[in-house]
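Paired with subunit B in one complex and with subunit C in the other, subunit A is shared by the two complexes that follow.
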Partner chain A sequence: MRLETRKLLDKAFSGLGLIAIAVMAMALLAILTPIIWRGSKAFVFKGTIEHRRVMLEQFDRGNSDRFNEELNLTAAARAPVYDMLEAFEAETAELEKTLEAQEDEKKTQAKVLKNQARALKREGGSEEEIARLEAEEDRLKAEAKALKEQARSLGETREEPYEALVDAVQELFGPMPGQKKPVLIRQQYGQTRWDRTLVKLHEVMVEEEWDYSNPDAMGVLVENPRIEKFRGTGLEPFFQYLEDHIDEMMRPKTTFYWQFITDTSKDSHIFGGIWPEVLGTIYLTLGAMIFAIPMGVIAAIYLCEYAREGRTVSFLRICISTLAGVPSIVFGLFGLAFFLNTIQVSDSKSVLAGSLTLSLLILPTIIRSSEEAILAVPRAYKEAALGLGAGRWHTVMTVILPAALPGILTGVVISMGRAAGETAPIIFTAAVSVGAPLKIWETLNQPTPALPWNIYNLCTEHEAVDEIRHVQYGMVFTLVAIVLLLNLFAILMRARISKKLRG
Partner chain B sequence: MKIQILAMTAAATVAATAGASDKIVIDGSTTVGPIAKAFAEYYMAANPDVNITVSESGSGNGAKSMVNGTCDVAIMSRPMKETEFKAAADKGIQPVAHVVSLDGLPILVHPSNPVQELTVEQVRKIYLGEISNWKEVGGPDKAIVTISRDTNSGTYETFAKLVMNKEKIGGKCEYVGSNGAIRQRVQSTPAAIGYAGLGFVDKTVKALKINGIYPSAETVQTGEYPVARPLFMYTDGYPKLGTPLYQFITIHLTEDGQEMVEEIGFVPVTAY
Partner chain C sequence: MSKTANTNLIMSDAASRRQRISTLLGQSFLFLITSLSTFAVFFIFYFILKDAIPFFKLEGFTEFFSSTRWYPSGSPAEFGALPIFVGTGLVTLGAVAVAVPLGISAAVCLSDLLPFKVRQIVKPVIEVLAAIPSVAYGFFALVVFAPLLQNHGGIILSTGVWLVLGPILALLVIVLGDLLIDKLRKQIPNPKIAGAIIFPILGTLTLIFLFQLSTRLLGLEISSGTNALNVSIILGIMALPTVVSVSEDALQAAGRELREGSYALGATRAETIIKTIIPASISGILAAVILGVMRAIGETMVVWMASGNASRIPEPWYNVLQPIRTLTATIAGDMGEADHVTGSSRFHVLFAMAFCLLAFSFIMNLVSEIIVKRSRKKLGK
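Coming up: the complex of A and B.
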């Protein structure tokens, strides 16, 4: 009976274990799939002619002859659009002018009549005639007023919808031909991605309005086709043309933009890539490792091999455990207060200050894992070494450390991933939202953009968040990839070392 | 010969100073952030050997960085406070204000919200918690979700001064850390109300008329819109003429600078 129970318990436990692993695998899949799927769109997407234009003009990339050929085709396809807009503008101006001229004419006629009536009055002409003239004058005045009203409503019915349309078209295609080149890079180009092009095309075709007619409920979004505002004018065929020829006007092509990682960003991430962030993350992670690994390993050796168990050592251990539990933002504030404001390792935020802060954050993990690794080395190794007459130092360096290396590396792997992904410690000590890629000596006193912080920055603080989601996803993807690669590298290294040790 | 040597020394000195000050660290307001980022990009495109970094951590942090000497330019959406000036003076730093742009503080709601207009008094009461339902200001029967910037923000300070009359915001308010976060909260919450800089208004949120005036470049410039303010960049002393810092801090006076400010959605100071 008892055996039965035990078996049952065993089975139940292995079942639970399987379920836990399955849940973990599913969670991993659920998290990683969208990251990979959406992130890959920063690298592989349907790029438009505008993307190739950015590449050529901003990054000096691509064949300019072939591009110009393509550009000519695009320009030819776009020409009718601009012609139609121009014709409509001219037509409206003409109409306005005619109305004004008519109004002026009526006004002059009214004035003539007024003068006539006045002259008649002075000369004592017939009352009837005067009344007739005055009535005629009033009629003309009223007509002039009506014309004026018409001219005014022309603005509302033709000009305002037209201006909105032109704005939407400019978002799609970039500045109109003949327009002065805008200063901001984001205004110099149209949509660079086909998916965004379709969104913007939709904005040209329909106008979103909110219907507030029900006062007891929230408004409802209504999409009014823009064409309705231009029925019967020269712009009526415009919309059909746009829909039919958008392919020729934007020339979408599947684009592999692997330089997304190695390009600097233009106009705060609206164009270009994420190199400064990638480089910043690498600097910060490596910097943290440079400080944390020696300190951590030395501390672990001391605690295992040299320190005598007692109050001091157990106090030290408590300190280390506590340090591991301190929230990361506290490290960030500490880094700002200590490294920057007190001992001033640099005169502004810097990679150095950030690395130091991060190294403190991961120190407990490294100490603890190294300690475990050292303790796991069989006592016999040490005893044999000491028995052969090696000193303590010699034993540690040549016998214990090499044997413990795989275990130590595990801790390093875990903490490396953590250092690469931590945001809070670098907010106040190292990270900025815009900056150039740093040269290695500049890390001593200059701050840098870094992936974890810039992902956050892009989704909360950037002024054009919805336009550049793909950059954000691309950054997340890259960060995850970097962490995975670092881990993979370290795991491979560990495998090699343990193999060597065994062999 | 002498002249040649003199010229060479002069050139060397210029090169040395340029080499010494080839970084500009900017820290502070999330409202001024887009302007600073655009200026930085613009300046770095023309001077690739100067590295300008911009972090957006709020006006209060900008001031702190200036006082601690860890930034060259503090971008702020409010003037420095007396206490901050004192703290700076104690450390031998003299903050000099450069007004780079004007800004209105649009009151934002979800575009589906039928309310078009509020008075400053109504906004104040909403944030005090005295008005807690849109019904009371002519909207549907929905509890108002108030969203404010955190107290470290210059935008918050401006709002507290111009709208709240220094009274404390009511208990239920939700505090967020940046202008972009305000916009995101408002665009995802139909019953929300928030406030942000002019440059952060897009069609995903709706700016209300306040006291009958719509927040736009014109109404801010004429001073009609009641919740408006200048945006600042502070430097330690007036930068030496001709240095990169000087060139950077005067971009807003150039035609290109004004155009950038305008295109981002703020109001250039020089366009009277």
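Coming up: the complex of A and C.
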């Protein structure tokens, strides 16, 4: 090969490697950016008056006097909307009534003519006269029919499109004034967030329809402005008014809702925060740590300080690495079959069973990192302690462990992050989709909601998946933040240790 | 002998016996705790197998491994898991196709090309990639990536082709062109003229090929974003950190002597890496690939959320644009509906699947262990 090509090849090869690194960085960026950006919107967003109302009524938070002032302003802005709707109802009812009255009148006239014609026939009146009367009667009947048709079409407008409109308005603003308070919390309030408000406003303005007329292609979304259906009626200016005054009606204000983490959720996450899930995750993680740390550290001490290399120890090591390779879902099944169905640590799913399962999952990580930490302690420490006459156990407890503690802690913190983020092992052993925050003693026999499981649950099985995107993103953001903060902590600690060991 | 004599100088007989006993007790206690992980492994095998055997006893092996009809809730229920095995294999292959080339190039770059300071920055980035919980990846795959793929799949795929195939093909063109110049030396003695003829021709051919491929991909219509491709890409990214860190360790283990020897013989960096370092550390790289495969097979949340969960074999079997279903997702999804207590076939079939997963990962683990051990021996460490 010629030298130039070899050099070119060398450069290109370096470029390839750099591209690989760049792709990885891009992947990381692509995954983290939407999660952080949209996740932070669960905490900082433009909250509407309805959000403040939820906070006041459901969580006793906020100044009620100032809120009432604002509420009056919004009520004043909303009043014309409701007036227009009422006026339309009254107008159409009136029109219907007049139409029906006219129809009745025509009908009676037709009847009179019919009777006259019949009387003439009986008396043997002129053929011409009878025909004329009958023609008149038919004309009147047709007119009555036309009127009936008109009334019916009016009724149709009043029924379907109007009711759809009222429903859409109710989703935007909450229940109408004077209406009975609905049972479901989600129907008691309007839109709490400005972004959702705009979506709902759009739904009031246009009606969405799927067009499947072309059988070869996929369905096309068609947007029909609702105003077309109400052209010429009293509701025509309604839409313009809504568009112009939505700001005054909803009063958006930038809100910092840090209580998203500490609030319980209302009405399956339509309102409120994610405290039960966060608490459940904390319980599960700490529970796993309580079981895994002693077991892992003791095993590491044994393997490093006491065990003599031989068949037994290499067998132990194979077992530990096998345990590290077991797929997480298999841990979940094992937890179900062993902890719940066989030794029955609790009657149903529980935090205890989940913690035990998770602790098995992270055990190998803790053993390995503790072993590394213990091996990193300079031999001189140990030799000095033994030389001073300390026993082996004494040396381990007073010299080696304290020196290895930062390293062990690093491993522990990393596996905490792992335990907090794992979903598969807790599906069958600990997690439920809804629940109240648990008291500490309830963890022994109660299942809990947990962040990872509820992320899955909220974005696949929730009935209003699109309405609560911000909650899903907020949950993912919180989980990722917890795990990454733990890892950051570990990385910083490791940097400090390596500096100390070097210096 | 000397040890007992030594202690006797300080302690009485009784005290020394007491100490010996307590040491023995302490050691056996430590051993017991350590062997808990061994027990855990045996327990896992035992309890998964215990609940898997009733299924094989009742339904036999043939239907499970060869039938394509999976209707566990039907009457009569049908337990043909072949599509699920195919789906698992397809997704794993896809993940490997993403993770292995990227991971190995990144590892090479990390160990041999980048200066130390840059490495200090890149390594934590990889660790962050490994630390993100799988459910967050699943969420990303389902909520962000799947709609993107569904609406702009063609554009994404064709840019992907340019980004990934482009550099690789460029390298190939250089190598091939150079070989051709060597071959044509007799016909065209001046290498500059030969290069001026050969490189443009090869380059245009490659460009035409790339254009053809990307325009064809551009016109692609993807009916659903939750498909094997989506899952493969995300799983590949998830498996990357494992592949990178293990193969980087292997490359580092090849040692300075090999590199310096190669440079001394006049080889360029690329030649050193391709012809010396990679062959020397091939077994470690293989172990990295195996670990990556295991990570992809054992992953649950991403495949459950974003694979589409359709238990049929794609048409043709390698069509990654169709929804599939994997073993882990089936276990996770169906266990909620199966009867936990009385134990129906539907319950036990999931344990049978878990056993397949477990057995596979055990074998893979052993293989990688053996490979790593052998490579260490070969390198004399």
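Rule of thumb we're sticking to: the second predicted complex is superposed on the first by the 435 of 503 C-alpha atoms of A that agree within 3 Å, B and C clash if a C-alpha of one lies under 4 Å from a C-alpha of the other, contacts with A are read in each partner's own complex, and residues count from 1 in each chain.
Heads up, the rule we're going with is that contacts are C-beta pairs under 8 Å (C-beta built on N, C-alpha and C of every residue); 3 or more make two chains touch, one makes a residue touch a chain.
All values derive from a computational prediction rather than experimental measurement.
Put simply, more of the residues of subunit A are touched by C, taking subunit B and subunit C as the two choices. In the superposed model, A:E422 makes contact with subunit C only, not with subunit B.
By the touch criterion stated above, A:N341 is placed in contact with subunit B and with subunit C alike. By the touch criterion defined above, A:D267 lies against subunit B but remains apart from subunit C after alignment on the C-alpha atoms of chain A.
Of the two partner chains, subunit C is the only one that A:I19 touches; subunit B does not reach it. Common to the subunit B and subunit C contact sets on subunit A are residues 218, 340-341, 427-428, 459-460. Remark: subunit C residues 19, 23, 26-27, 30-31, 33-38, 40-41, 43-44, 47-48, 50-51, 101-103, 105-106, 108-110, 113-114, 122, 124-129, 131-140, 142-144, 163, 167-168, 170-171, 174-175, 177-179, 181-182, 191, 223, 237, 240, 244, 268-271, 273-274, 294, 297-301, 304-305, 328, 331-332, 335-336, 340-341, 350-351, 354, 357-358, 361-362, 364-366, 369 touch subunit A in the complex. Contact residues of subunit B toward subunit A in the complex are 23, 25, 27, 30, 33-34, 37-38, 40-42, 44, 51-57, 65, 68-72, 110-114, 138, 140-142, 177-181, 183-184, 190, 199-200, 203-204, 256, 259-260, 263-265. Note for the complex: subunit A touches subunit B at residues 182-185, 187, 208, 210, 212, 215-221, 266-268, 340-341, 347-349, 427-428, 431-436, 438, 442, 445-449, 457, 459-463, 465-466. Subunit A makes touch with subunit C in their complex at residues 1-2, 5-10, 12-21, 23-25, 27-28, 31-32, 34-35, 218, 294-295, 298-299, 301-303, 306-307, 315-316, 318-334, 336-338, 340-342, 360, 363-364, 367, 391-393, 414, 417-418, 420-424, 427-428, 452-453, 455-456, 459-460, 469, 472, 476, 479-480, 483-484, 487, 491.
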